[in-house]
Structure formats: structure tokens, C-alpha cells
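Same chain, two partners: subunit A is paired with subunit B first, then with subunit C.
Then we have the complex of A and B:
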């Protein structure tokens, strides 16, 4: 199967006043049509920068220093703005953590949704939709995200709707261009746990029904486990382990993955003591030499300080970048 | 902690006695002429040495309860008893004296510390306000606090922006335990932190409770964390208490439909092998 999205040896730097942040350090990921990939990692690990780079909306000063991204056999790094407009929000769309930030408080939901349709038609050089057509399409989109009374919602302003509703509307907007790839950046983090469950259900349903390919980014391993078939674990700008969700969560092979899982309190109530990972995340201006996790790693030896571990395959669809992977 | 930091507590805590109790606690906010019952007839009691958790979703009133029992905001109705004294009836100097025995730690350590004050002055503040400790003794007090939260003494000379989130939260906790309180109200103390740091802070809080014989009122929306750290738990929704009991009972056999839904909504992870 050819990959819908492939990221090869991707390096990204962000120059800052204090020095250059080496934000992404050789990312390799590939995603087949219809697949759901979860990217999990703690704050500052580069997961959001990576997601935004896929859409060409990374930080303005960010510089790709090596590697490439290919989507649907198009080299994403070589597109110009006009070409981007035909892809961004249309072929690849994105939803974000805080839906309120991405909705205009002064316009009704119906108006904003219909603006998206107008923009897509313009970007693709299609004739503008008539008022009725737009209306019909808006209703359709809202029904797709399981909103039962689209008419009322279209007439509402964002502040009149709950957080869960707003996230549904953002998802509807993201679906407006019939995208092939949906990037969801912490889509449930700002939501209460009962609403989170509903949104995760909806995303799962969309994957099944529309054959949508999804990259979901989260620091919440639970939310990732709920939808992703495959998981990539990121630490300090590096993918340290990647594989089928169940494998990664039941048999983590990288010490960081293992540490992350051991740090999670369990709702099922095993009163095991939590194991914290000692130390803090490194400063990416001067990232640790060799393996970026070595200063915090219980298994680190001298080789870890000098040599960057290569991604090694350790089973069917399971790769890990570690000199001393766990058994 | 037998340090020269403060005068020893007057009353030893007997395990099992309620250190804090509230009855009929109600808070009505008025906005635009409309009344909103943020907290509606809430009663609770925390035994000395226990950890009582309050869980609920946003808007359930759990943080308002935290602020009410600290008397940071005034209750519309209800009574709060702290160590046998009626907190709701106290004011002025008397209230100030009681307050040193109860402290609060907030959710966001990034906004709880004044960016223009060094860690030294942040840690000195409780002593300057509530005790007569000055000079070399004050320095010793501050060093002792940094010891308690396992941070190097050199942190005194730093500013909050030079610290990580977890380190800042440790400073906030150090400040809160400076006056040897008997009750610590923790309002979402780990919600702004990453999981690996959250584990550090939780483990540290559990250890600290043993060491300083503390009682916690632990507010959180994270059910897994509450299950991990609390002995008893209260489930709140829309200002009301829906269910309370031992953590074990509430999580294993929830009686209320909402509680059950809340617990079921948390995504489960497959078990680690071996």
C-alpha cells in the first residue's frame, strides 16, 4: 500500500533570541489511507510543531534543515501559496484544542460554516454555490457530526453553544472540503471527560463511515488509545517508538514509553505507586548528545551519550530507537 | 518537621477526628440580576490525616467549595468548622491566626508566583506576614522549605520564569507548608503539568503528608488521580453533592448514574504485559 502521508528524516530548526531550537530531529512517519495514527508526547516534545508543519502552518521562522514530507505524491515542502490553498483545509484539514479560539464570536455558526464552503470553492476554482446549496451542505455537514438540530445551531453564535458543540462545529468545518487527512491536535483536552468520550466516539465513527485518515496528537495516552490503530511516541523532537497501539501500550520497548506509562495513575485502582521519570525535559537549544533521553534514562550507558540510536525494527510493525531497548 | 520555623502547633491532631467540616454550604453568585447557585447545600467533613477528594466536571462547583472553606470568598449560607472553631463566625485578627493552619495550592503554578519576585522572597512572604522570624532564622526557614520540596538552595536567587512547571508547583507547595498548616487545600495541583511531572508531584504530596502529618482536601477533575491519592471522595455536579463515600466504594460500586457515567467516560488503557 502506498502511503498517503510520508515524512522522511525531517529536521526542523527554530532560531530564537537565545539560540537555535532543534525542534524536530529526524522524524520518520508514514501513514496509509484510512489509518489512524496517534502521536503522543509531553509538552515541548515537538508534536504540535510537527502537525503544523504537515499543513505548512508551522512557526514562521522555522527552517527545515533536512528531510521531506510527501502527501498524496505531492512534495509538501515545495508547494507555493496558491498550491497550498488548494490543499490546506481542503485535502488536509485540522482541528484544534480550544474550539472557541477558532470561531469568530461575532458571526453565527451557519455564516462561518458557509464562509468555509465559499473559500473552498474559490480555492479550487469551482463555481460559487448558491445560497440554497450552501444551506443544504451546511445541514449535511452538521448532521455528519451528529448535531440533531442543525437549523438552530446554524442560527446560534459560538458563545451560545457548549464546548462539545463547538468542537463538533470545528470538525464539521474541517470536513467541508472532504479531506483525505484530518489532523486533530489535542481535540479533547479542553473538554470534560463525558464530552471527551462523545467526541472520541464521533471521530471513530467518521473514520469508519468516511474512511478518513487521521493523525491525532495528544498528551493523553488514554484518548490516543481510544482511537489510534498505531502510535508514535515522541520525546524532545524525536520519535522514540512506533507501532500498533496495543503493542506499544502493553509491551513498551523504549525506556521513555515505559516511564510514561508507569507515571499514569490507573482509574481501575491498582494502588501501585506511581513511578515518576526523574529530571526534566531538555532545552532544545542544547539538546543532549547522542540519545536525547539519556540524561533521564535508567538504562543509559556511555554509548547513549555519544551515538544517536537508529530506528530498529523489533517486530511486525514495531520500531524503537534505543541502544538498550527493553525485552 | 521539627524545625525552628514556627512555634509548634498548639493542638496535636488525633487521627479520626474531623479537622474540617462544612454543613449546608451554599454560594449564590448574582450576575446581571440573575442568581446562580454555584454551590448548593454542600456538606463535607475531612478527618485528620485523611485525603478527601472532590471530583466533578467544569462548572460543578468544586473549586468554589475550595475557596469557600478557605474563606477566600464568603458563603451565602452554611457553616465551616475548622479544628472545632467556627470559621464562618471569625473575622479580623482571629481569622488571620486561624488561617495559618490552612493553606491552598492552586492549579496553575505559572500564575501563582509573582514574576518580579525571586523564589527567596516568594518563600519569605508567609514568614514575614505570619511569624516573627527574621534575619538568619528566616534564611534557615527558607532553606528548610527548599529541603522539604527537594530543590537546591541556589534556587533562592532565581525568578519563577527560570523554573519548570513542576519546580514552580513545588515552590507553591513549599510556600503553602511554610507555616506548618494542618490542612492543605489542593485545587487541581497537577492539572497544568505533564504526566511524568504529575507523577513526581503526586508521589511527593503523598510523602509530604506522612512526613508533616497533613490533611488534604484534593480537588480534581482527573478521576484516575483522585482514585490514586484520596481516601474518601465526593462527586459533585451542578453545585450539588451527588455521591460520597470511601474512594474504593465510589469507584468500585458507584450508586449514582452520573458518577457511573463519569467513571465510564475515562478511556481505559490495555494492561501492561508482565
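Then we have the complex of A and C:
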């Protein structure tokens, strides 16, 4: 099976006043049609930059220094603006973290949604939709994300709607172009717990029903587990472990993955305090030599400070980049 | 929106009354005896007292205030001591000239400031941004009278392209007034020759008046656009495939316009004040010139009249700014 999205040895730098941030350091990921991949890692590990790079909307100053991304046999790194327009929203689309700030506060929901439809029709060279058609399609899209009174919602401005409602609208916008690949960047992080569950249910339902290929990014392992078949664990711009969700969650092999899972509150566990990983995420201007995790790693030895561990296969569809992987 | 407008109008009326009361207080606490001033230096005490009675200045302050407010409401601003004409009549002559100048200058400021602010935000640190940066810094830095004289010397004296000063040549006949704005009236009457003359007279003073305003509109709009273009909803709009021209012209500009409009409102009031200098340099027959000559002659009724007119125009602008805000931003509309 050929991959729908493949990211090979992807390196990304962001120059800043203080020096160059080495944000992504050799990312390898691939995703087949219909697959759901979760990317998990703590804040600042490069998840969002990676996700946005897939859509060509990463930070303006970001520079790819090595590697490539291919989507549907198109080299994403070599597209111009016109070619991007035939991809964004139509082939690859994205849902975002904070549904308040990602909707334009001065335009009605209906206006924003139908703008997306107009843009897609133009991008695909289809005839412009009539007003009624746009209306009908907007209603359809909102109903698809289980909004019961689409007419009222379309006439509303974002500030008049709840967070969960706004996230549904963003999902509807992302699905408007019937994309092949959906990138969900922390889609539940900014929501209340009960709303989180609803949105996750909705997403899972849509993924099943529409057969979507999904990259879901989160620092919430629970949310990832609800959606993704496979998980990639990222640390400081590097994928450290990748495998089937169940494997990773039950038998983590990388010390970082283990630390991350140990830091989760466990409702059935009897320990009182959570185990935090010591230290903080490293400064990416001067990342640690060798394995980027070694300063915080309980198993680190001298080899970890000098040599970058290679990605090694340690089971069916389970890879880990560690000199001292756990058993 | 209707309710919002009504409330704003009510506030406007209240502020107007406040301003009227304030001008009354200032004229009464200001040093100098108006009756003696009117009577002249050689007047006897008897003559001063007669005038005092004639002008109602011997009555208690409260009564004077009631009369003053009553006069204001019926449109009576008193008479100028110098010309002995009614102030209302004189204002009717001078206000349209100033208003025309300010409106043209403001239009220039907006038409140039907003698009170029937008362009320099989109092409930040590129050539166009550098050009507009020089333009806006000089706009804020150049003193109006000096810049005005410079333009007169170059365009009027050296190149002889434009007239040096005035509103119309002495030989031209102003059209029968409709709006009292020459540019509009000449067009409405179909008098294109006079329109051309009026236009060529207004260009230089309008440029001088608009320059600092243009500069600040441009800078504010640029700064806002830069900020808005980095906001989340712009990222989202790009991700949804909306083309960049629409993103800049609608998604970003609409958000960036709010502070720009506030700046426009502020600048409008500022412009009304700075017409004094520009009108003096260009001999423009407006209220600035009128205020200066009246103040120099200690003719206080016209000064009060000018104060009221400028205050009134400024308040109307502020109200329009508020309404524009509410029209653009639905959050303000619903938040009472």
C-alpha cells in the first residue's frame, strides 16, 4: 500500500534573534489512506509546527533544511501558492485548538462557511455555487456535525456561540471540501471536559463514517487513544517512538514515552502524587547532543550524549529511537 | 442597532449642553469686563453701565445663563463687536469653507493612509514599506506652516501649476449655494470651470492639512494589519483555502479597521484645530482664520461661536466613530 502522506527525514529551522531554532530534527512518518495517526508530546516539542508544515502554513521564517514531504505523490515542499490553493481545505484540511480565536469575530458563521465553499469551488475549477446551493450545503455541513438548528447558527457571530459549538463549526469548515486528509491540532484542549468527550465522539463518528485519514495532534494521551490506530511520540522535534496505539500505551519502550504515561493521573491507581519527568524541554537553539532526551533520561549513559540513536524496529509496526530501550 | 444609535444621540445632546454650559462659565470667569471692552477705552462709566444693561450683563448669572442657553437653542449666538453682524451669519459663511477643506483632507488621508498601511503590512520591510515609512515619519515631523510655504513656493511660485492661496480667484463667481461646499455645489450646478478652479485652490492646503493625519492613519493601519495577519483566524482561513487577497481585504482589514477608525476620529478633531495654521498660510476664509482675527480683536462672541462649532463637529465625529465601531463589530452591538 502506498502512503497517502509521507514525511521523510524532515528538518526544519526557524531563525530568531537569539539563534536558529532546530525545531524539527529528522522526522519520519507515513500514513496510508484511511489510517489514523496520533502525534503525542509535551508543549513545544514541534507538533503544531509539523502539522502546519503539512499544509504549508507554518511560521513564515521557517526554513526546511533537509528531507521532504509527499502527499498523494505530490512534493509538498515544491508547491507554489496556486498549487497550494488546490490542496488546502480540498485535499488536506485542518481543525484547530482554540475555536474562539480561529473563527473571525467580525463575520457571521454562515458567511465564513460559505466563503470556504466558494473558495473550494474556485480552487477545483467548478462553477460558482448559487446562493441556494451554498445555503443548502452550509445546512448540510452543520447538520453533519450534529448542529440541530443550522439556520440560527449561520446567522450568529462566533461570540454568540459556545466553545463546543464553535469547534463543531470549525470541523464543518474543515470537512466542507471533502478532504482526503484531516489534521486535528489539539482539537479538544481548549474545551470543557464534558464538551471534550462530545467532540471526540463526533470526530470518531465522522472518521468512521467518512473513512477519513487523520493526523491528530495532542498532548492528551486519552484523546489520542480515542481516535488513533497508531501513535507517534515526539520529543523536542524528534519522533522517539512509533507503533500501534495499544502497544505504545501498554508497553512503552522509550523512557520518554514511559515517563509521559507515568505522568498521567490514574483513577484506579493508589499512588497519591503524579510522577513528573524531571527537567524541562530543552532549548532548541542549542539542543542536547546525541539523543535530545538524554539530560532528562533516567537510563542515559555516555553513548546517549554523543550518538543520536537510530530508529530501530522492535516488533510488528513498533519502532523506537533509543540506545537503551525498555523491554 | 437602532437603540444603540438613539442612545448615542442622547449622549451627544447631553455633551453638547455640557459644552455650552462650559463656554458660558469660561467667558464669565475670564478676566476683563466685556461691557467696558464694547464701550471702548474712552467711554464714561455711564456709557459702560448702559451697555451692560443693554447686553443683559447686569442680571444675576443664573438668569444670564438661562438667556444664553435659550439664545443658543434658538440659534442666536450674539453679534460680533467688530463687524456688528450676527455671529451665526458669519459662521454660516466660514464653517463650510473649513468643513470642505477638512473633508477633502480627511478623504485624502483615508484614501492614501488605509491602502498604503495595508500594503506596507503585507509587504513588511520590503520596498513599499520603506517608502511609506519615510512618508509617514515626515508627515508627523514636518510643521504644517513650513510645509505649506514650501509647497506654495514650489507648485505655485516656481511651477505656477496651482494658485498660491484663497478659495477661488477674485474674478470667479461662486455658484448659488446648495450645500455651501464649493466643490459639491459647482458640480451640482454643472459649473465645471469653477469646479476646476475650486479644486486647484484646495489641493495644496488639503495636502498640508492631511499629511500628518495620513501618516498616523497609515501607521496605525499598518501596525494593526501586521498584528491581525498573525492571528489564529487568519491561519485558519488560509488552511481552509481562502485566497490571500480575500483574506487581506476582508478577513484582516475588517479587524484592523477598528483602531484605524478610532485614529481617524481623533485626527478629525485635531484637524479642525490645526486649520488655524493652514488657513493662515493659505489665506483660506474658514473658521480658523475667523477665530484668530476675532481673538486678536478681543471679540468674544465669535470665539465662543467657533468653540461651539468645533466642539459640535468633534462630537458628531465621535458619535459617527462609535456607530462605525458598532456597525463593524457585532460584539459591541450586542454588549449594549
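Note that the second predicted complex is superposed on the first by the 323 of 327 C-alpha atoms of A that agree within 3 Å, B and C clash if a C-alpha of one lies under 4 Å from a C-alpha of the other, contacts with A are read in each partner's own complex, and residues count from 1 in each chain.
Operating definition for what follows: a contact is a pair of C-beta atoms (placed from the backbone, for glycine too) under 8 Å apart; a residue touches a chain by one contact, two chains touch by 3 or more.
Keep in mind the model is a prediction, meaning the values are calculated, not measured.
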Quiz item: Is A:125 in contact with subunit B, with subunit C, with both, or with neither (first, second, both, neither)?
Solution: neither
Exercise. Have a look at where A:246 lands relative to subunit B and subunit C in the superposition and call it first, second, both or neither.
Key: first
Quiz item: Which of the two partners, first being subunit B and second being subunit C, lies in contact with A:173: first, second, both, or neither?
Solution: second
Self-check item: Contact footprint of subunit B on subunit A as seen in their complex
Solution: 42-43, 192-194, 196-197, 200, 219-223, 225-226, 246, 249-252, 259-269, 271, 273-278, 280-281
Practice problem: Name, in rising order, each residue of subunit B that touches subunit A in their complex. | Solution: 57-58, 164, 166-167, 194-200, 202-203, 221-225, 227-229, 247-248, 251-252, 261-273
Self-check item: Footprint of subunit A on subunit C - complex, ascending
Solution: 231-233, 235-244, 246, 250-251, 254-255, 328-331, 334
Quiz prompt | Residues of subunit A that touch subunit C when the two form their complex | solution = 52, 55, 57, 81, 85, 87-90, 93-94, 96, 98, 101-108, 115-116, 119-120, 122-123, 157, 159-160, 170, 173-174, 176-177
